[in-house]
């Protein structure tokens, strides 16, 4: 399916504030970028690099005052998520070298403390997809989706204790529990078509039987229509804006719509 | 300055032909991508990766028959090239680790055989920018720009011997001579506003006094208005399409125009 | 100075246990490896890769029973640590791309919660080296070095609250506080000549005025004689052994001695 | 089998000469490093980095006069080379991203000009291992091993035309022919136990049916006992010393012996 995704953000800084943004999606295995725009006003010199996870990162300094950033992309992505109810856990010694880092605990996913909890939830299920799905479903049923229950310092333990959170917290709980079972898990941020209310979204992926599978504990059932902005160990790695100074988001609009079929796909731009 | 650059290519394959394309520009130090489109017909599954030079590479299999690929980008780039007539050569031991590879000979730039030739041309100039500029100017004055004088196997020695070539050959001669003087040099392919006749273009960069500078031996004077598609050791690394099977380009249009000022930069797409 | 560093570890596994070890030092800017051995018994097939931080990582599966691993290296390293009492903080926008990740919070260094604490401790000092040194000295004076006060899940907040810990905890507190001031900081594990009692050691580095400086909150004064095993965001990244299954260390000896001058440095091995 | 490999090199420079050496082997899939020494005299500050092929590279400046470098390693490696007479060619679209670069022509392997020659030699054989082996055997039978027939600028075309060369030339011919058939091939330099006369050696690997296989056109039959120093596209990438200034090798001894069984593998060094 073809999605038109994007967001329009206005930030305000008291004084010049360096930021690193992760707002440009990349084509990869999961999606193809047909088009994309990335504009901001006022204009400031901006550079871009690829981080260790393969994400495109934009560096700029927001000047004192307001700055508006608008990004938009048309992305070809899967309608239907791949599911594999019988896929087995990959043995640790079989994992690709670059997947190993997703077994390690991280800022918001202290998986080193989670094993007994994970076994309570998923121990009765077969190692691999069934365990991860059991964890995902448990979160969906037992953690309440509620704004204001968490902030930028809430980790998976806090959310398990508090019993509520938002998409990022759901993902952190999932990642922490899954990693504790020696299954690699990573954070994904991006867009989900049909999300209510529409916003930037977060979910997680787990490496099972030789590939990444998508899991989203905020949803009752597997659901395609996703466009990825960035991958990381947890939210610390994939903030859509990391600001190194005070910065206020004064306005933000997000969309993830079915892209209209172009009358003429090869039309010269006006 | 803001350029609208792009190309529209039709290829024909007798039978399915795997290709690697390098047609998606990246933001970096030299340019900022405001928008971009990458469409092709018929649709085939396509993946993308970052090569060891940092270029985005698209992998697909062209099916038997015709395929049309159209890419377009709006790029913020420099009007005027940086020049530094007095910049000194960086000592080899001061070069960053990742710049060292651009001292090595490569397929089309056998710099290991070029030192005496380079000294004839540039030996009277100060090491660094003056030597590179002397080489660039010498090529511009002594090599004739002529289509048909070279093909995909022509290297810098062939061009020096034959006395004529196209932009890619000019760049190869420049790179080979410059490297022989222990100055790192790399190939750049992309777009040049105002090029006559318009086409995809090639030039080179040399690392002098701690940064890359742009040199273009096809031009009488330094000239901005460039949009970069890819960097590499020579043309072998940066083919806009590397095809692994017979593939014919049946049509190709290239443009690099001043981008019209948008009435409303943040307009929602139609 | 030339150090002979090494460790001799015996581990015991009930059943086969995959591990990732980081026990092979690398030459870099800070040290030169003159010689090195890495032996283990029983022999098992072992591979090695470079992680995203540049560390050499060894992958093997410890079979059921005991395994002995002995590593040793002769390392040329600095007698005296570089100090720079007047070095200024690098502005975030001036940091190299690959240093930015060391500003992010991590598993044991929740720097997102530490800014006010860091300002209490170091706010009166000039940004840069003076602030980092103030933090280091504060830890050295206010945190009690005590075994048993912490475990593998103790983070910098726990240590600040509890008031005691070991070298790894001291480093985590330092890193967390320093990062909260927008100064990049990273974990280092390795050997320190003269450490009492001798053991594998941990300290931290901070990026100030364009380079990494070493800080060790367990020591009263700057002290050279260090050999680095690995760099990372915190202890999660640089465990000398990450085991993915139960594994007990039954014996461990560590040494970091002045290397004897060889009678004949180029002697053929016996 | 366990090999004790090494070389002892004396170089002489008229004036200080920056070099990049590739003399430190790495553990990987093909070998395990049990021990290693890397000493030189006089002492000069030396750094080390990992290049884009994963090789460890040592940077130093040889001072005016003589310098001696001695490296030695004990390497666990395969007695017997893996052969796979029926392994099929991997389709280009199935190649891992990082293997694609080994399809490109390079300085000494102008594979873009070799396809008809490769088909003459190997066209009657099945694509994959049989074709590569046919090429290897053809080189072994038709190119004469002769010192002095080639120099640092000799490429695969020169060697095919001249009909003689040394191990590096044999490898270049093999790589160039193999790549022209759309089979990835890379250069390997290292040690071969039993080589006559003993010297640093070069051979090549080809990617067939999902993995690298070793081919050595200087040998009549597959032969194990190899220790790898470096991988690259061709000799340009893997010079054991790249010197950026005049440098003469005045003495060089190489060895690759069966390592004696240590009386006590965990013995403390004297």
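The first chain written gets the first letter, and so on, giving A, B, C and D; residue counts start at 1 in each chain.
Here, contacts are C-beta pairs under 8 Å (C-beta built on N, C-alpha and C of every residue); 3 or more make two chains touch, one makes a residue touch a chain.
As the structure is a prediction and not an experimental result, all values here were calculated from the model.
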**Between chain C and chain B, distance of the C-alpha-averaged centres to the nearest whole Å** = 43
**Request:** Could you put a whole-Å number on the gap between the CA centroids of chain B and chain D?
**Result:** 31
**Request:** Hunt down the residues of chain B that sit against at least two other chains at once, touch-wise.
**Result:** none
**Request:** Draw the chains as points, connect those that touch, then say whether the picture is a line, ring, star, complete or other.
**Result:** ring
**Request:** State which pairs of chains touch, listing all of them.
**Result:** A-B, A-C, B-D, C-D
**Asked** Can you name the residues of chain C that touch chain D in the complex?
**Response** 4, 8, 24, 26-29, 32-39, 41, 43, 46-48, 50, 54, 56, 58, 68, 70, 72, 76, 265-266, 269-270
**Asked** So in the complex, which bits of chain C are touching chain A?
**Response** 18, 20, 49, 51-52, 57, 59, 61, 91-93, 97-98, 100-101, 103-107, 109-110, 112-113, 152-153, 155, 182, 236-237, 242, 244-245
